[in-house]
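Just dropping this structure here.
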């Protein structure tokens, strides 16, 4: 089912999400707890931005399980970024190779997904036909996730400087297309879309379910900084921050990285969570 | 541009094609001579049949160059087969990963390709729409080669026990579809299709060019057996075979494996070469 | 801790051990049950003999987990052999790469290991110094397992046509060297050696423990044939074999492949299990 | 024979060495020109420092050829560093896997090598015995290069804050050990050591040959900045720098990255080239 975490805030080490927290992504790769599929060993990936160097994020993916990739171990103590994604995969659609690992990227955009498009096989060709050519030709793998990203990109009207409303309306169009195609194909299967998309300045999360009651778990934590002190990671609350960190920090994750601690809230079912470049969080219900 | 060799005959070691001949596939992977693209280091693959075990061939592919893959080195002295394919890749369409390595397979069929579909980007979506669903869903990579194979499979009417005429008429329908789609998309680029397809009992080769004068090189050699004596590989001529090998042997290859020796003939341009289960060779011009 | 299975008998499909049994090696790679370490996702390997082709076995290893390696899936339905090894790894010594995957091989010999050499770091250099040069130079990885194999090879006096007594006396010398080096280095840690070695004609297993009470699990099953009928794998008892299979079959495995069925016996602690080319099983206590 | 480049100076994009120059490392991986071995397709690696994040460099290696590694392509436009190494490998000692790829690292040190230790097989065990335990246990692969690095680390007396004299005297001790071991083993083969070592603040290069007349090529270029303008890379001369770059820049490389342009000088045979944290270059003859 995959597990993921996204971060936007003051520069943070990838390891502070990937390996240091109690419920780190690496730990989730071998023993996830908030899902039936505890093993997420079918590859992994990280994507990160350093906007002063390039608008285009760096992406590193591997078909190996996250727990034993030498490159991840030898790089992630050095990669610090104000905006990054980390993903561990449990394959449903698509074989295990680098091209099917998240996050996916197109120019300045990163995307990762946990869940599945209901009846994907029945609508895959129709989805391909619904894409704009440039996004069709960017497809490198076989997953529903990558195709969903291409559909979202095809639905994005303001490509240069997208604002919250652009991110959301691209999603609304995407969901309309998706449900239209599913209806036409008689799809009754559940669709689970826990998705994050960013352009490095801001990010949008979606927690969506269709044809089922329960959405997959999706949590977020906001504060003044996500810190690692005395072997423990935690999100410093804003009111309580004696170091007066100038920037804020937001984490969105499939599982609560620090365990069952009070900093985590649930993204409500069928809602968007938007984090703007001031790290302000806005929750908006899906209209579709 | 890729290089390949296919064998049908009495059981032969994969190494007798892959590493032992003067112009072995491994040598072609780093220094091909009958082409402008001398380096074919973007992955490789082998596929082989042992029909008494299964109708479905074994396939081993790797994104590493053939010259330094440990598994290839540690297996190919042991793999003996009456029908096998070997391919070294120079990527044109599709990133370098296992899913884009030849040979491709579907149930009992193996396919490999050297060349390129003219204007592929312009007709890729139309090609996908032309496929039967089962072959569409079998697509794992991004190459024109894999799509061409899916188109051929979609054009094959007799799937269970195909005969020479079935192999050829599937190709004729495939070429008709291809040129129709290319015409509709205004494609002027050259198409080069040197392709081998087999079901383990018989195989068909195609040497085809469109919108250009010269086809890519494609040679074949037939004899009583392909043997390795005193460090030299050669095809024993039938009339000269004092060992009276009961079976015959046919090789089809991009480059003459034994160098410029007399056993090799050219497959004529825009011709099929069909090798039946008695290892009889028939050359037929492409009608299309 | 790793899991493995070895087979000697009438030609058998690798899949009849790797994927088809209830407790197949692939299932053990993600959820082993007879051990504390349930996850064996740090690479895997198979090695197999076809003596009419070559005395030297074929070896295929991968750093990916066994459950999602495309090559394994695309080859193992075709690989049939009268003697083969299969191993899934849970790394203790050595990073996860192909060079640290079992089985290890040297000319005609295959070896695989489940367990660990007590105090390996303290005696590693001394072990290297104890090797004959040819085996020292064959070392490609970092594991205690590969070094143990090199030590056994260095202790083998009859290399050409080893008999049961040669296999065993090489092990006795190996264990003497090992315990001597451990004593000299003040090692108190437990040593667990569940090891299989073969030359393709016969094989020896060892279930050994030192500085601990409990050895790791090691089972064997003998019968007239290991068969797969109506979706169920089982070892046919010799007296009951209405098909009168001409050859016998022996399996040795970390976990009972068919579950808790009566065909499985334990290899006693600190015993060798030798299977000769008639598939006769002899159990001999370790003297050392 | 391998090819490499090292950079110390104001922050520079890895791509400005790896892919943008006329004679980029990626181009050298498929067609090197200043050597007999034009193909360096047996893996590659990069290592880079960002000292404000960690003293320990990041290292990314891959067994794929540099020209087609997706991760390299998707990361190297984002990796900017004041000190980095890039290496493309042509394997002589050691199979092609990640553990044998350069650069090697130990805590804050990076090392890469182009060349070969004469008679390596004859002295490998003696070299292992000459190591301090902590460096012996850090060995992960099979190459002479990694062992040479371990020998240098074992010879380094000032580990915390090494100065030029410490780097050099560690090399002198290393060369003494090496030639002593070679003499004892009767080695007559050529030794070629083109090596770079850094701690992120400063770096030392060595161009050394023994038992042969010609050393391998090693060049360096110093200036105010290495820049990429209008598709051309070049080293700005200090006196000529109208932008008054505050820092300087030094490149050391097997091949002149910008082609036969005047900024390149040869490191003399059997000399060290030391670049201090002010980017001052000092050439010192090897005493040994």
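Order as written gives the chain letters A, B, C and D; numbering starts at 1 within each chain.
Here is the rule we use: a contact is a pair of C-beta atoms (placed from the backbone, for glycine too) under 8 Å apart; a residue touches a chain by one contact, two chains touch by 3 or more.
The structure presented is a predicted model; accordingly, all values stated were derived computationally and were not measured.
Enquirer: Copies chain C, chain D: same or different interface, half of numbers shared as the threshold?
Expert: Mostly the same residues.
Enquirer: Report the inter-centroid distance (CA atoms only) between chain B and chain D in whole Å.
Expert: Between these chains, centre-to-centre, one finds 42 Å.
Enquirer: Quick check: how many Å separate the C-alpha centres of chain C and chain D?
Expert: Distance between chain centres: 41 Å.
Enquirer: Could you grab the centroid distance between chain B and chain C? Build each centroid from C-alpha atoms only and quote it in angstrom.
Expert: That gives a centre separation of 38 Å.
Enquirer: Could you pull out the residues of chain D that touch at least 2 other chains?
Expert: Only 70, 95, 97-99 qualify.
Enquirer: Answer with line, ring, star, complete or other to describe the graph linking chains that touch.
Expert: complete
Enquirer: Write out the stretch or stretches of chain D touching chain C in their complex.
Expert: Going through chain D, the ones touching chain C are 94-95, 97-99, 121, 124-125, 128-129, 133, 136-137, 139-142.
Enquirer: If we count contacts the way the header does, which residues on chain C are in touch with chain A in the complex?
Expert: Where chain C meets chain A, its residues are 30, 39, 41-42, 63-65, 67-70, 91, 95-97.
Enquirer: Would you mind writing out the residues of chain C in touch with chain B in their complex?
Expert: 13, 48, 50, 53-54, 56-62, 70-71, 74-75, 77-80, 98-99, 105
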